[in-house]
């Protein structure tokens, strides 16, 4: 494993970010003083109760929303718009696919003008088979189930071969089995390509299982309450890792940080 | 507990239901020979991998989609359209809230013409506080996070005080803590009102924890592969029930039925 | 929009002996059609291109541009000239005489209109509100002591007039040939008279116009044009059947109508005195204030 | 074969024919007794006559050429200008009100002016058809440019260039709206070409209508009217068919697939 | 769509200014704007203009309202049901292409020279933009949104007032914006043809009398009329859509 050596190189720096958004009765402070950094090739998960501001934070990191204060930089470059090599997978999958394009062409959207036809086709096919949708490639997205649409969006991001992936509850609509298989795919991709991943999820086990570090957002306005290193050995396995005692211990600590007695 | 005595009265009968939907390369058989019944006041969960047809089945049960073959009846009456007293909570929460209505008015939608102003207000307030959104009542739904929108939809269904609730991954976008609290709210509601609930979820633990029976949809076209009684004592508790050995055993059997080695 | 004179002033550049002539399907244009069909123009060393345009109102602005000679009516000629459009009469077309009227005021007996005075409180359908027939009718009604403001005026296209009158949508109608024939076939219809003839015992109401410049610079051409019309007129008088065939060809009217139509009385003569009658009438009924020198409205006659 | 039957709108044609039958019965029974309003069977014989003289073919070709030319020009200018106005706020701010004012001007009143400028020509008709068809296309395009925010974010996240966002997201998303504009523009340009022919350039079907009316041949006049209506059906069918073919995904997503 | 700022009239004002500067005041066809004012003045003095505006505005507004009601109702039905759409579309397309001018005599035969005759002729073409916009919007409504009223047991009426109307309103308003000038144009056309009353009658008379300056003046009046209606509609649109969606 080369993770440790790569951890030294900083990928993301998020400095004192604050976000205020309009609300029914005046502006609401959503985030305040959010400060953390992510190393190159690191897998960081963000947890937090519903409505704390995880999506908002991810939008700021992805350059889709300007912070009201503070700044974000990727690889030393300040974020003003979506930076090159950083791809976001949205929580709201129904609106993020183009309904007039078939699944295949939705996945090709980000790469079709950058590479040759053959390369495009092979990357699209690879991405689709990674998410298990190779058979539905010529369908329109509105004919797919929720979980399938979510997977199309993941395939679209993977086909881009991004340096950085920002994923907002990407497996939220998936059953345990499909989820497990995608989790392992993600691990593999990261191992092969050294992609930096920031991952929002509600599933504590998933967060601990996948991450190098888990961040918990809390409070209102929210900031980072817990930043927990996950020093579990890689590669990890669905069965053995989850039976590991230190896994159980880490999981417990995250649950506690979330204010949840049970673990 | 009166559950056992009520179980004798049949609420839903689903007889040999088949559904065929159009696809890119001709019609696709989604469901075939789906056959089961639900007793009055029973809590039934439906599990299945992404894209098997859970949403489709729920739409048929809710009278929103006509089956290509077979029939569905509620309390002995055949379903031709959405039956009175049966309310569906949709998986696609972004599209199911009216963007031009505030949260409060979205929740009031189903009851505003049926009851007095005071009753409506008190029911709306009760439902909103049940899902923890009383403070955001005057917000428009597109200003809420995904999980919040999902909860607005749940509040809307609860405010209706339906005889039957059909819920399609209602807690999919919620964090563990909010989810646990809502699970317990559901239990309580059901205990108080005897609501019949059919619940689609991807979370096996949730299914076992909440249900009287778990159904697993599988295959293509899909039908019911497993129908498992969950004879755990009620009321159930997040900690003690989940430590119960028979709970663990039942959970294991469901995982197996889903084709998933790990439990 | 760009400035004036966007059109191509062809009459200046083109061959003056090639005349682009515009007219509508009125029988008044028959001599021109006959002259073309029977080679009379050719005999007078004129080449012609004939175009049928139903909306005569657009023509004063078009002479000198799209056309050289066009059919028009005195009221149009006078108003156009008064608004600074340089047009002049180059020939006469028809003249109404007592034995051969071409304009009609027709009442519906059912609606109780059998004399002009009955029109008060009634609806009168007219061809063109600003047209010759209506100006004449107004003068007539005024002389009969009719309160003009008590008559409701609506425009009704000639072909629809018969139905509108018999269905009671209008109570009286001003019209011309050939529509009058159809209308008068209804026993309820009361022919109240020819409005033109109420202005003068003999009056010309249709004429040929050209651009004033053209009229003054090409007296020879105009002379030949008139001579051709005269010859055509003689031909029509002598060859009724052939003439009616030409009429059918350019109007497309059904045979029965062609056979039943009484042809108007033709004249190629420029009747300045008639223009004076029209001008006086317009000043009387139309608040037409300006006095104008009628000599500028007619081409030099020799 | 079955495919062909599915494509031909049997029910639609039946309803249309039913309308004609009601008209025929109305006239025959004396319920509608007007010399000006013939019955469909007379219209058919009038039509036969128009066809046999070749008048119809020439006139129809003339009118359709003018109307379609104007419409195509309006389509191009409308979509381009609509995209610019929809996307570039300053341009919109400093010109939209002028366009709104121009839009309200009654084009019919401009026919005499158009005749002055362009003469009695097909050019004049094209200008009138263009002007009339421009507005629905322009407005629908501007409106269609208000794309769903999340789709645009997808585009920027995938680092599509501005041009690619326009070409791959905004325009396709606006397609159903633009097609509505084009359909409206098509019939409007047809109608106004006819008006231009009725009051201005004496040519084409519009002139056939007036001259047949003046010639006291309502049967032939209504034959012309029916031909125009049918041309409307056919042209619209072609536009929709073409749109379904070229913009398959967009039309399917908008529920417009056959 | 935000309501259009008035500064957008700038290009038009500049154009008219240039016309005023470089136009030939003697031109019988293209008199400069100052001439228009003096040509329309007499109509204002004897109040012909106000009566005419009143008559035209009445037909135009009533026509637009009727077209909106009919267009959105039929558009919604046709958008909801493919069989109905297929059954009606050829007949609708037929009607759509008919030239208003040739309908006037027929409408007058049946209804006489009345405001209702004008209305019939105006409503027919003004309906299409609203109908088509509404149809398209209805077609692309999310099926989930349509399931909501069903599962909540809303009555048909509630479904129309609480779901369909607000959801389709933006499309209807767009349709109205396209239809408004059409309705105005057709109103004027009918008035020019029949000279019953209204601005069209005055305009037609001015045109027949070659009073170009007055014609332009009257065109400006109609332009203002159309602009005002459009302004009102866009204001409504802004108010509604501003509440419904971000940005």
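Just so it is clear, A, B, C, D and E label the chains in written order, and each chain counts residues from 1 on its own.
By definition in this document, contacts are C-beta pairs under 8 Å (C-beta built on N, C-alpha and C of every residue); 3 or more make two chains touch, one makes a residue touch a chain.
Because the structure is predicted, anything quoted here is derived from the model rather than measured.
Think of each touching pair as a link: the shortest run of links from subunit A to subunit B has 1 of them. Look at the CA centroids: the one farthest from the centroid of subunit A belongs to C.
With centres taken as mean Cα positions, subunit C sits 84 Å from subunit A.
As a whole-number value, the distance joining the C-alpha centres of subunit D and subunit E reads 17 Å.
Inter-chain spacing, taken between the CA centroids of subunit A and subunit D, is 49 Å. Shown for subunit E are the residues in touch with two or more other chains, namely 29, 105, 109, 207, 246.
The residues of subunit A that reach two or more other chains are 92, 95, 102, 140, listed in rising order. In subunit C, the positions touching at least two other chains are 1, 57, 61, 157, 159-160, 163, 167. All chain pairs in contact, by the document's touch criterion: A-B, A-D, B-E, C-D, C-E, D-E.
By the touch rule above, subunit E contacts subunit C in their complex via residues 19, 22-24, 26-30, 105, 108-109, 112-113, 193-196, 201, 204-205, 207-212. Subunit B meets subunit E in the complex at residues 59, 62-64, 81-82, 84-88, 90, 92, 95-96, 98-100, 109-110, 113, 140, 142-143, 156, 160, 166.
Residues of subunit C that touch subunit D in their complex: 1-2, 6-8, 24-25, 51-55, 57-58, 61-62, 65-66, 157-160, 162-163, 167, 178-179, 182, 251-254, 257. Listed in rising order, the residues of subunit D touching subunit E in the complex are 9, 11-16, 19, 34, 36-37, 92-109, 112-113, 116, 135-136, 139-140, 142-143, 146, 149, 176-177, 180-181, 183-184, 187-188, 190-191, 194-195, 198, 206, 209, 213, 221, 225, 228-233, 235-237, 253-256. Interface of subunit A with subunit B (complex): residues 21-25, 47-51, 53-55, 91-92, 94-95, 102, 136, 138-140, 143-148, 151, 169, 172-180, 202-204, 238-239, 242, 255, 258-262.
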